[in-house]
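One structure, pasted below without further comment.
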């Protein structure tokens, strides 16, 4: 069986054929689903844990510190140790809390991030679902997490949590718009909402290069808006620790708290992955037309590495944001969205429509 | 008289009360604000203090004058040296002892170093209040050289009971001058970074400019001193108006801003760091040789009467009021600590603003809670 | 204004005041009933304009209880010490000056808390540091606390 | 084929969270304590109820969002066909945005975007 | 609303944000600027100032002799009562009775490191030690006896004192 790390389509069809030939179709599907499930849970856990590690290391470097360095070499096992510690922490129940919603909230935030991760194209032929409205789906699912945050804050029966939850409601709801409109600009360029098509359309250059100024503007807007949507600093108003101690997850303890924490990092991964897919060409290698030698070298790097590399780059930028800026106040946050990002975004879309109309982008 | 009481708080039973502190990250210690909220907006704030009231004034009544010194370290621990100096100067003035020039110079240098260290810690904590966590580590990093100087000369980094009535405990370390010069060179390079990171930042400016405006009249009436008062144009720099130690020999500006908002208070402190560097530069090369203390009797008895000494700590005016009845123990020692007066302006400044502004405003007042409670 | 001028001025308002010896500041001992009157005149007369109360301390002199006001004028840069004393240790009370200097409100609460001196017309006369249930006034010389104060 | 995968990923979330919580219930210690189950309020006993009527300001934004979000949903299909339709689509979107921006400006001028 | 002002604001904001990101970015790629240290591992490399106030110790020489004659001045000067001296009266070889310390007790838990005991000690018998790792599991371990078991007072000191008295 020939499969390579450059194209996973043959690999997945081989797995599919092998399964269907050896057992009944129902069982084959079950085993397939089980394999996919195990792989994704493992992937999810590894990404989540190592993003936490990465954030701690990056912020330590920015702050002239060493960061985690005790557990394992360079502290690589630190977050795994933390996970076990959190598993063994007591789950505290809050008096008068709405128990059902209180327990439901971590499920919602995690499920939302799982649903989103399903649609990401990790490499050629390596995606669980390839919907023809992929961007739309991601846009919809990634905003589900806010329901979890709202529920968490509201059901805790704590005043700090409630303020955090309501803040996050207003915030995520607003920034949702900018995320959508920023993604729309690439939909206009590529003429498709299917993620695999969008990636394929960047074979001769990434959209951020091909779409020049308007694409860069949308990329910046997307970065800002998606940082806000994932409740990360400088937009971490929902858990503003100097104001609300821990905001919406004040009352959560142990592993339930860990899920909010994990979901925050997974959401960061998801938005970074979307940005990488849509603006930076997903798993497409970096090509400059004409320079064939370099293009060949770039082709040797597997698509999966390209994808993860681009995602890591965007995650680094988001961390860089977080550890540099002071937090915004709620009214400034909304002002930024409604008076700056949204009008700029609308103007940008008109500009893109015009550019597409005149054909002034690199085709 | 009635119109002056219009900001007296009237509690209602259906107020949405939320407690901020004593266990809260941004009250910098165990201070409790009882907030009444209207959505995100703060209606009124009732500060509750006394969580770390240790009765230092009562303890002072049982101790001799030398033994008081180490207690004064512990109210405003960030300007420990200036607190010590207040008691020492009060006792020296009461006994009419003239301390050597060298002592005056060293005391002034230490006070300015301590002021820089304190403002650095304020800067990093203020940044953290606003959510910029990196400032915290940069501030602490730059504070380290000062603490090293302290440690080398007096053996402790924060609470150095280094003064004693009549001079200093012992002479400074031989490396003292060289290290200070190194520090000045280092910190002059680093300070502009503070501006890039926070002062010029658009988010920071939006959050601080025009927030919590304190008028000059209020500053005087509420007794808000130090950089907080000077941000409102209240000329309250004790170093300038009632010079002590070697301050009459140095040339420095009193930092004054007239806006009175959070940003003005912030700028006043940043500018004070520059000014302190200037003072240090003027003093460190001209330290006269001489004795580090004058011979004092082992048991000091102040003549009956009362004595008042004002010094400028990093947070404002510290008054040390000693009433003596001629014994070896004082009859009454009262410390007029700057933060005690600075705290109670908070209701006036922050009510009507948001919770986030309350955090920013209380950060800009630079509260040190043990200084309030004593 | 110099201290002599101030003395003259104050004598013109209220006669028969005592001016004890004090090397640092001009000191005036006021009877409790004319405290508020003098404070108001000092605060509101343009020539004196004592607008800055930089220290307010309560003192237990053993027999007497007293309150000391350190005043300064930010415009004229002169300072004055007002003293008021009472022999009444059971129910000492003075008029509040927090209408003139707002900072006095909390200083007076502190004095009430620690020395038990009540201030009439004070808007919020509660304990500041200690619990409301606390018995006694710790800064008084005759305060006894066998648990927290260890005599050596 | 896609619908099974959607259900799968939904279930994955449930399994991960549910499994971890159940596992944690077995290994984690548990002790009932009335002080522990108090909601956090900086160590002070909680006085009033947390669930109150909250500031209407937040909902104004939610309403404005709703309008714009529905518009965004309309723009997406337009975005897909923009390249093919050309000038017609461009003029259409200009008209559409004109109305949309008019609404935004109206809300702006009315002060609905100002935080209260 | 001035459209130029609007865009001016946007670009000004981006510039100011970039200024801050430059500072943090500068440090993020320079691991050499890291200032924190691995503490228990770097014990050997620790630079402790010679005047460092770790705890009060009594200096003993090679013959296990100290110079404390139990005068009690440090006990008197200590503001917190963290020093207690238990001394015995013994009769020496010449038949004179003299005071010898039995135990010089130092309560580290009560010490505020004010240096008054060390400054006032007439025979310079106590000084600051450099040990700073004071954490113990039992509070009673913080009460230390400063004179080593079996130690005695240094001869010269006694002689100096006697000549002074004479």
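First chain written, first letter: the chains are A, B, C, D and E, and each begins at residue 1.
Note that a residue touches a chain if its C-beta (ideal position, glycine included) is under 8 Å from a C-beta of that chain, and two chains touch if they have at least 3 such contacts.
Note that the structure is a prediction, hence the values are computed from the model and not measured.
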* Which chains are shared contacts of chain B and chain D? -> A
* State which chains count as neighbours of chain A and simultaneously of chain E. => B
* To do: Could you see whether A-B or A-D has the larger number of C-beta contact pairs?
  => A-D
* To do: Select the chain whose centre, defined as the mean of its C-alpha atoms, is least distant from the mean of all protein C-alpha atoms.
  => B
* To do: Could you find the chain whose CA centre sits the greatest distance from that of chain A?
  => C
* To do: Let me have the rounded angstrom distance from the C-alpha centre of chain A over to the C-alpha centre of chain C, please.
  => 64
* To do: Starting from the mean Cα coordinates of chain A and chain D, work out the distance between those two points in Å.
  => 16
* To do: Determine the centre-to-centre distance between chain C and chain E, using the mean Cα coordinates as centres, and give it in whole Å.
  => 42
* **Cα-centroid distance, chain B relative to chain E, in whole angstrom** => 26
* Structure fact -> Each of the following residues of chain C touches two or more other chains, namely none
* Structure fact -> Each of the following residues of chain A touches two or more other chains, namely 62-65, 159-160, 167, 245, 323-325, 330-331
* Structure fact -> Each of the following residues of chain D touches two or more other chains, namely 41-42, 54, 57-58, 115
* Asked: Every pair of chains that touch: which are they?
  -> A-B, A-D, A-E, B-C, B-D, B-E
* Asked: Given the complex with chain D, which residues does chain A contribute to the contact?
  -> 29, 33, 36-37, 40-41, 44, 87-97, 103, 106-107, 110-115, 117-118, 128-131, 135-136, 154, 156-162, 166-167, 169-170, 173-174, 176-177, 180-181, 184, 187-189, 191-193, 245, 250-251, 254-256, 258-259, 330-331, 334-335, 338-339, 342-343, 346, 349-350, 353-354, 356-357
* Structure fact -> Per the touch rule, the chain D residues reaching chain B in their complex are 41-44, 47-48, 52, 54-55, 57-58, 115-116
* To do: Flag every residue of chain B that touches chain C in the complex, lowest number first.
  => 1, 4-5, 8, 49-50, 53, 55, 57-58, 93, 218, 220-223, 225, 234-236, 241, 305-308, 310, 317, 319, 321, 323, 325, 331-332, 334, 336, 340-341, 343-344, 373
* Asked: Which bits of chain E are touching chain A when the two form their complex?
  -> 10, 17, 20-21, 23-25, 27-29, 31, 33-38
* Going by the contact rule at the top, pick out the chain A residues touching chain E in the complex. => 58, 61-66, 69, 320-321, 323-325, 340, 344
